[in-house]
Structures are given as structure tokens and as C-alpha cells.
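Common to both upcoming complexes is subunit A, partnered first by subunit B, then by subunit C.
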Partner chain A sequence: MTQATNTDISSNFRNGVKVDLIGLSRYYKDVAALKSMNLSASPGELVVLLGPSGCGKTTALRALAGLEVLDGGTVMIGSKDVTRLPASKRNIGMVFQSYSLFPNMTAKANVEFGLKVRKVSSSERSKRSAELLDLIGLSSQADRYPHQLSGGQQQRVALARALAIKPEVLLLDEPLSALDAKVRSQLRDEIRRIQLELGITTFFVTHDQEEALALADRIAVMRAGEIEQIDTPLSVYSQPTTEFVAEFVGKVNRLAGVVVSQEKVDVESIGPISYDSKNTPFQTGTKVQVLIRPEALGIMISDTGQWRLVSKSFLGASVKLNLTNPAGQRVIVELSTGEATLIEQDSPLSLFGKSDALLVQRA
Partner chain B sequence: MVAVTTNVGRNGKEPGAANVLKLGRAFRYGVLGLVGIFFIIPILASARFSFLGNNNTITISAYTELFSTPQFWSTLFLSVKIGLGTVLLTLALLIPTVVWIHLRVPKLKRVFESISLLPLVIPSVVVTLGVITSFKSLPNIIMGTPVILALEYVILALPYSYRTFDSAVQAIDLKTLVDAGQSLGAGWSKLLRLVLLPNLRSGLLGAAILAFAFCLGEFAVASLLSFTTFPVFLVQVGQVAASQAVALSLIARLFTWMPLAVIIISFGQRNASSKKKTVSLAKTIEQEETTGIA
Partner chain C sequence: MASSTNVEESAQSRAGGVSSPGPTELRPKRSRRRWHNGIGTVPFLVYLGLFLVIPAISVVVTAFQSGAGHFTLSNFNEAVHGVYLKSFINSIQLSFAAAIVATVLGVLASLAVCASSNRIVRALVSSGSAVFANTGGVPLAFSFIATVGNFGVITKLLTDAGFNPYDHGFSLYSVFGLTIVYQYFLIPLMVLIMIPPIEALRKEWVDASSSLGATRAQFWRWVGIPLLAPPILAAFIVLFTDAFAAYATAEALTSGTISLVPIQLGALISGNVLAGQTNLGDALGAGMIAIVLVAGFLYAYVQRKASKWLR
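For the complex of A and B:
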């Protein structure tokens, strides 16, 4: 792969465009798949739509592509209203969850399909497909048919095919979910590399929070047809605005507590933990529910400790520990592997807050 | 599974398994042989009979007489014409309908499948009269001509043609392919020409062959509507000249097999030259061949 060709490709793209989804609504019978959803992406941004199945994320993506009819709302690409345009006229590249390569065409012919439809000359087509196959590292497989390619290779070709038409927007609908773990993370990084290189505005749909955190400029967490929170991966993870977001993006412990000051809550069986009171000022003495990430808790071995280890699961760099106490409460703590070796089955343990509570809300 | 057992057998560690395997293979070939005999004996017997002259001499007079009968050629052409018309109508009806069902109303797949089977359940006489009644208002160019037979056959062959095409559509991810094609800028005509038809070729071929074979063998409806098609001619001949009738039935068989063979061979070559997935396609064509003959 030469640097020169890559620069050629990126210069072929217009600088990324702005995309605005305004008040998108879609109803299936009486069930709302999208409830007046608003979302804007700035030029060249990668926005991940994250949520459980049925939250409307795929519907939103398909509406943007023109593959789904809307009951209301406006889709703007750049400064152009494309709401009424059919999919074939929108100049959008899309990669699908299931393998979508045309089985009757080689990898090269698949990449060239969009250009052929646009009546681009065959020499121009060959040049462009060679560039793109090079970009995805599959030049040597150009003459293979889809059934002769692995799942990961097929999705790469699908990506090249989507990019061949120089789309203004790239849409990825869970493109990695059919692949095995290793290929998935590899291809994920590659998608991000190519997206940054081309500077193309991209929407990525997934239900995998790890994928979302790794890829996104911003994550839109969706629930029941609406965006619950949209922010950078770090903010979504460490400052969720709702319980749903806290629980969907990462693991969380849920404990009862009482507010003792503007900065601290006294958490039952654990003790004082600091929290960010900026958005949620509570009066001292308020009974609250405290959400804490497993890695925000620390463990001490102490004779007065009430907690006991139930089980450990080794995750590689860290270890997940399940703890319980005589009151029947259960807590998950994540420690680095080194720290975790010190914790033994029968040791009396006590817990403390290492960092801020994630979210504090009225009980 | 099989390969593993064979290895064990060859190593001599478990001779029992090898014996079981041998037995299984013998059984398979035995069954295959029996089925072959069941099919081939009547054909051989009729071939022998058709070449038998007076006093057990061998003669080809049955064939020469047939070929010199003008009715032989006229009825054959009529049946081929009706067959081709039926195939065209069937495809024109099936492609948009089945594609539409799969894309827009997948819930109705079962319903349409059951409807397509109705001609098997309803006596063909009833279907025939039904078609005539429904098309009564059509101009005489259709009603009084073999065109009406093609209309009948489209419906009567539906149980075979519909299912064949439907299962071909089922086998591809139609929705995703259509979505992908549209997002790449293809309108319906390009989608159909560049994506759908090439990927549904085997199903279309199967449906066409079945519909055609049906037309070349159908007697009851043609005779009911007083058209002398090839099968009707065959029965007429059978009433006056037995050996000619048998010769005719062999020829008829040849005529159904010939288009099959032509299509299969031409497809085979095309695949070989375009480095296609030769094996799997050959398999599909093989399947079609068997269904076509049966």
C-alpha cells in the first residue's frame, strides 16, 4: 500500500459534510420506532448509534439511507434536504450487517458496481477499484467471488464498494456483528483508520458498548426511539445522565446511601463516597440510590470487614470479583490482576470508594 | 464423519466399522441400481417394441411413417409454441410477484405458497372451466386460439414453477441485496438485470423447464378444449397404430430432454469459462435435471 494512492483517494472525497436529522418519526402500527429524533453530525465526524435491539438505531440509519419510509421529519445532508429522495439518488455508502456482496460478481466487480451504475468508463472503474482494494488490503483477492472470501474479507470488500461511489456519508449497520472477536477488533480499528484518512462523515450502528467506546467521536445512546444521551465516549462512560445509559455503557453496582454533604454520600456497608453534585444537588439526609462502576471501588483486607469473596473471574489485565455481605448485598469490583491475587476466599474484606460515584439519584 | 471412519477401518484397528461402511455403500448402490432399473426398463422395452416389425424383424418404419405424417410436425410445433408462451407468461408473472412478496409482505409467503398449490387440489377440469369463464370477455383472438391453452397452463403448472422460483429467492438474501444495490445507486431495472436475475438464474431456469415440460405432456385440458396438441396427437395415434404411438412417446421424451440438455450444457460452459462456482452450480443444474425428467 503506497501513501501516494491513499492521498489520491482522500482528495477524491469532498471534505466531510454536515448531516442533520430533524424530528424523525417512524411508527409500526402503534409502536414508535423513532419518536421525533434529532441528531446532527459535524463534517468528518463518526457518530455511533448505540442501544439495545429495537431501540430504533437501525431504523434511524435506514431512514438516513432512504431505505426506510418516514412518518415525519427531515433528513439534511450538507445543506440539501434529501427526505424525499430515493436511496439510489442519495449518494450514501452503506455497509450491512449480513453479508451483502453480490454473489455473482468478483470482489473487483462488486467494488465497481456503483460506478458501473453511474456509467463511469471501464478504465476509470478499474483504476478506482484497484485503489480501494489496496486501501482495504485485498488487492490479491480482486478476482475472488464472495463465497471464496472469509467473513472479514467480505465486509472489507463491502466497505470498499460503499466508498467507491465517493459517498457524502458512510453508514455502517452493525458491520462487525457476524465476525469473530479477533477479526472484529482488527476490522474495527481499520474502519476507524480509513474513516479518519478520508474524513468522511460516518454513522455506525451497534449494540456493543465496547465497539462504540473504541470507535466513536460521539456516542448517541438510544432507547425506545429516542436519544437518551449524546456525548463523547469518555463522558458517556464516566458521566451518564441517566440510569439507563450508566447500565448500558459498562457494568454498574447499585447501592443504597444517604447524602451527608454536598460532595459525599454515605453508602450502606461501604462508607463515604464522593460524587459530583453539580447537576444533582441533594439536601443532606436525602436517601439516594448510588451507581458505582466496578473499577471505582477498592478492597481492603481488615478484620472488621463484612464482605466476603464469592468468585473471581480473570479477564486478562484485570480481574472481576464478586463479593457479598451478611445482609445479602452483592457487589462487583474490578481490580488489576496484581492487586486481585492478594484477595483470598476467606479473607474479611471492606470496601471503599476509589473515585466518584457514577450517578446519584433519589431513592 | 465418513472420512474418519474410513481411516480407522484402513488402519485395521476397527474392522467392524469398515464392514459397516462397506455394507452401507453396497446398500446405497443397490438402491440406486434398483431405481435405475425401475426407470430404464420401461424405456428399453418401449424402444424395443417400437423397432419391432412383423415376424420379429427389426424395422424403423414406425419412425419414418411418423416423420412423414404432417400432423406430427404441426402438433409438435403447436405444443412447443404453447410451451414457450407459457414459460414467458409464467416468468413475467412470477418474477415481480415473488420478489414483491419477499420484500414487502413476507408474512404472506405461506399464503401465496398455498395458493400456488391449489391447482393440484382442484380438478383440472374445474380450473379449465374457471379460466374460460374468467376470460370469456376477452376477444376471440384469445378465446378461440391456443393462447387460451397457454393461460390454462400457466395456472396448472404453478405448483411446480412457483415453488421452484420461490425457493431460489428464499436462498438468497433478497432484501439485503436490494438494499445494497439501491444504496449504490441502482434503480429497479438495473437491480433486476445486474443483481437479481443473475443470482436467481438457476431458479428461473428450473421454473421454466418445469412449465415447459408440463406443456409438452398435458393431455386432458387440451383434449377437453379440442386442441390437437402433441400429447393429444399421441393418444390419437395410439388408437390406430400401437408401435407408432410408442415411438412417438419416445420422441416426446427426447423433446423434453433436449431443451434441458441444451440449457444445461450451455450453462455448464458459461460457468467454466467465467471461473464460477462450478461445483455448486453443477449440483443445482443436476437437481433441476432430475426434477425436469421426473
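For the complex of A and C:
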């Protein structure tokens, strides 16, 4: 039943469109929420806007939805310029952070709302809401009011409601932030499954890097109204172009070092570590700051080692180790649980680079 | 989980309930706490009993008694005929009209206040409404007489301009005039009641309806008004009963020339009682209580219909 229905639904969506945000600007008095921001999404792509609070990610999403007045720029959906169209005419589905379901309507009536506005016949509305409630696995809750549903169920209904109007673009504004960890992870996977199934171009706003890495085709990391880097999750994580991206996406150690060759940098208290010098070539002898991921460092127990274990945090498959040395430097190293059991509190430890430094920049 | 607890409880009760501290030992403590929680309401309940329940019962009982203390329906018979019937009709018409006008204007004013991003305006309206909602009696009557009375400032200005409203059917000293005067305290009362529920309408609902293609009018039709209907209905009943019981303003403005139930009651309390009308005032009071109760039940019924989504 679900399989057949989903095929029907996805046939309505297999026309994901290209979306272009060109030079979007938005100012609140003198403060810039968006500074001439450019962003494009390919048909059917899921782009995550990731950044800290106040970076402009929600403003960008609301501008795309038509809920925010822009001071400059152009919003293109497909080949159509929608910059001056009101939200109600853009055919964009949007899921909000929370509490956006109409409390006076049942789950079914909420899903049918956009169709009712479009004067779709009652029988067609019922058919479509049944399909969508089936898609999100809430057919049995159709007659419940929002306050009778859990937070996760409410967000599923909000997703079904947004999809009911067969939108050209789907926008999700931190839809999982009010949910507990387990429901969040389940719903995250479900959103991705449905998005892939329907092939709908989607923008997802979050400040949660784990969510961004798990969901995105591409991640746009934002800071102060601008995109710092836009790339695949792997590239954003392993090849950040700026210090901000390196520190915002994943954990990072910041250590002093000296460039010793085209490919190597000698990191203080650790030793030589290789780095990719293609984008940032430095002359030998240049004092630099080296950013290294915790999992890029290895630990050896050696009598001459100066590092000592301060604390261990068990993360399940891996263990996070906090180390310090007599100079007061601190680093975080992440090892597999098996390896970490060998490290004891008073063991003298040496560190070495297992893989490339993340980023090297002039000190 | 629940069933296992039940099993434990029943096992414990079979064993005499002495093995370990269990739910049976906790229960009295909890109920004692609940009893303590209720103690704060006692003064209020005593006050209600002394000044609302006992007088109301006394009024109703006395309304069925003659001057000699015998059971009779003659007080009610008198109350629903002649000038007293007219007073009930006038009072209901006046209260209904005044409450309807104040409800509509009050909701619009509250929406305007809530739409304003100016904090000072909102604070001024809130505190001003609290003051005006409690204004009435002689000062209010005087201010209207001074402005739109027979020789009021505005009446004079209009007369000088060639339009005397009193020559065109307007009179401040009529049910229509009272309806206008009552707005002075009813609209602010409506604003005070309606600001919190309007502020509780979430911006996300407006945004969601826009993104789903709805116009503002469609949002209000299908979401905003259904959500505000229960508080508006509640407020309407409050305004109706407020207007229904208002005495001082009507008395000061019309000197009793318009027959309203509170004014008739006032006259009877002042001693203007004819032979055989000893307990007529109680019958009028009982009638007022009945009307307010009917309004209350109507409200509860409509509220139940309008807010099924809350259950």
C-alpha cells in the first residue's frame, strides 16, 4: 500500500527545479542580516544552511519563501524571477521550527489546508491527505488535533502539509531543534528518505553540524550574513577553507608550528605533520598556526613522551581524550574505544600526525 | 508498567502492606498535601458564600414569598408585566446592543494595538484601558452631557454649523444614547480581555498559511477567527453582564426616565414601594440572576462547540 502510494506521490514531484539566490541583501537598521548572498541549488538537491545564531540562515530561507522583504537581490525558482511575488504565490512548502500546525484543525485538516485554499475538491483533498499521512506513517492519527500529537508527530504532519501543495521547493527551518535526540535522528532520516523519493529541491536550515553532515548534498556554512564555504559534507569537514568553518564543523585542535618543507609543518610538542600546500603555499621557516582534527592525531606510549591524560569521554564507538603537557598546551585526541583502553592516567604519551593537518595559516 | 504496579500493590495488600514503604503509605501524604493546597481558597469561598451565594438564595426564596411570608407567584407576575417587563426588555436590548458594538470595536482596537510594534503605545493602551474600564457613574455621565448633551460643546458646534443632532432623532438620554455612553467603559474592558489571546496567535501560523497559498482574509477565516472565537464569546458575556448590571451611569444620565431593571431595583431599594409590592425587588433580582445564568449557560454551550480542538 505504502509503496504504491509513494510512487503516485513521487510522480508529482519528479521535476525538482533549480533555485538561484542572487545578491540577497537584508538590513535591520544598520545591521546586515544578509550581505549580497549568492547561492544556487540544482534540481532535487538538498542544501543545508548551517551557521550559528544570527548568521542570516533563517533570513535567507524566509527571503526565499517570500516571508522576508529584501533590500536587494533576486530570487529565481527555475527560470522564473519570484523576487516580487508574495509568499502565497511562490508555491513553496515550508516547515517551521515548531508549533506551526493550526491548533484548531485535525492532522488531516492541516494537511488539506493548502489544497482547500486552492479550491481542490473535497474528495481529491481526502485522497491526497490520505496518501501523505501514509507517507509519513501517521494514517491512524488523521483525526487527532495537534495537542494530541507528540512533537515528532506534529513535525511529520507539518512536513505532509508542506508537501500537499506539490511545492516546487521545500524549505525546512530548524524543524528538528525542538525534538529529543532519538526522535530527531529518526525524523532526520525520514526527511532525507522522503526528499530523495520525491526529488524535490530542498533547503534545510540548522545550527547542528551533525544534522547538516548527515542530511546535505551540499552544506553552505554561513557567518555574519555571508556564505563562508559551500561544498559537500566531506569537503566541508575535511577541507575547510576558513578557520571559522574548520571550528564550526567538527572539533579542532589549534597548535603553533613552523613550515619545514612544501608538504610538512613541524608542530610544537608533536612533530612533523603533512599538509596540503596547494592552496596555501608558505615559505620554509614561516611561523604558522595549525588546525588538526582530534582523529588526525595518534598517541604512542613512550618514556620520553611529555603529554599526559587529563580526562576521557566515552562516546560509544570512540573515546575523546583530553591531554596536556608541561607547557600548558591542551589537545583533544579521538581514538577508537579499543585503542583508548590502553591509555592510562599516568602514562607518558607522545603525539604524532596520522593524517593531514586540516588548515595551516600564517601565525 | 501499570499492570506490574497493580500486581505489586495487590501482593502488598495481601501481605498486610508492612513489608516496605509502598504506594499505599505514600498516598495519605499526597492527599494531605492536596488538602493544604486548598486552604488558601477558603477566605475567598467564605466571601463568595457570604456575599454572593447566601444573598442570591435569599433573593430567590423571598421572591416566592408574600409580605406575610406565604408562598406566592404574584411578585413574578408583577415583574413580567407593565413597566417592569419594559425594564427587562430595555435592559436586555441595551446590554445586548452595547456588548455587540463593544465586542466588534474592542476586537478591532485590540488587533490594532497588538499589530503596533511601539511598546509605549501598547503600554499606554493597556494601562489606559484598565482605568477607563472602571470609570462610570456621575463623572462619566457628566462628561457625555458636557460634550454631546442638549447643550454640550460638540452639540453646540454642530448646531452652529447648521446641524443639531437632537433635531434629527439623536438623544443622549435614550437607550441609543446609553449604548454609546456604555462604550466608554465596555470597549476598554474588551481590549483588556482580548490583548492576551490575540498576542497568543503565533506568527508561525500566519507564515504557514501564507506559504500554503492563503491570503490574510483566508487565514482569519479558517485559523484566526476560529482560534479567537472562544475568548471573544467569553468577553461578550462579560460585557453583556457588565452592561446589564450597570446602574450609576444610567441613573445619573437619565435620572430614571428610562426604565431599566437596575434602576427599578434602585427605586424599590430606596423605598418607592407600593402596597403589595413588598418583595417585588427580590423577583426583579431573581430575574436578573436568571438572565445572567442563561447567558452563562449559552456561553458554555457555544464555547464547547467553538473550542472542541482544545479537548
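By our rule, the second predicted complex is superposed on the first by the 361 of 363 C-alpha atoms of A that agree within 3 Å, B and C clash if a C-alpha of one lies under 4 Å from a C-alpha of the other, contacts with A are read in each partner's own complex, and residues count from 1 in each chain.
Assume contacts are C-beta pairs under 8 Å (C-beta built on N, C-alpha and C of every residue); 3 or more make two chains touch, one makes a residue touch a chain.
Keep in mind it's a predicted model, so treat the numbers as computed, not measured.
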Could you classify subunit B and subunit C on subunit A, in the superposed arrangement, as clash or fit? clash
Is A:G316 touching anything from subunit B or subunit C once the two structures are fitted on A? First, second, both or neither. neither
On the A-aligned overlay, A:K89 touches which partner chain: subunit B = first, subunit C = second, or both, or neither? both
First (subunit B), second (subunit C), both or neither touched by A:L67: both
With the two complexes superposed on chain A, say which partner A:F113 touches: subunit B (first), subunit C (second), both, or neither. both
Taking the superposition as given, does A:P281 touch the first partner, subunit B, the second, subunit C, both, or neither? neither
For subunit A, give the residues common to its interface with subunit B and its interface with subunit C. 65-67, 86-94, 96, 98-104, 113-114, 116-118, 145, 147, 158, 161-162, 165, 171
Residues of subunit A that touch subunit C when the two form their complex: 62, 65-67, 86-94, 96-105, 113-114, 116-118, 145, 147, 158, 161-162, 165, 171
Of all residues in subunit C, which touch subunit A in the complex? 202, 204-205, 207-215, 218, 222-223, 226-227, 309-310
In the complex, go through subunit B and note every residue touching subunit A. 172-173, 176-177, 179-187, 190, 194-195, 198-199, 275-277
Would you mind writing out the residues of subunit A in touch with subunit B in their complex? 65-67, 86-94, 96, 98-104, 113-114, 116-118, 143, 145, 147, 158, 161-162, 165, 171
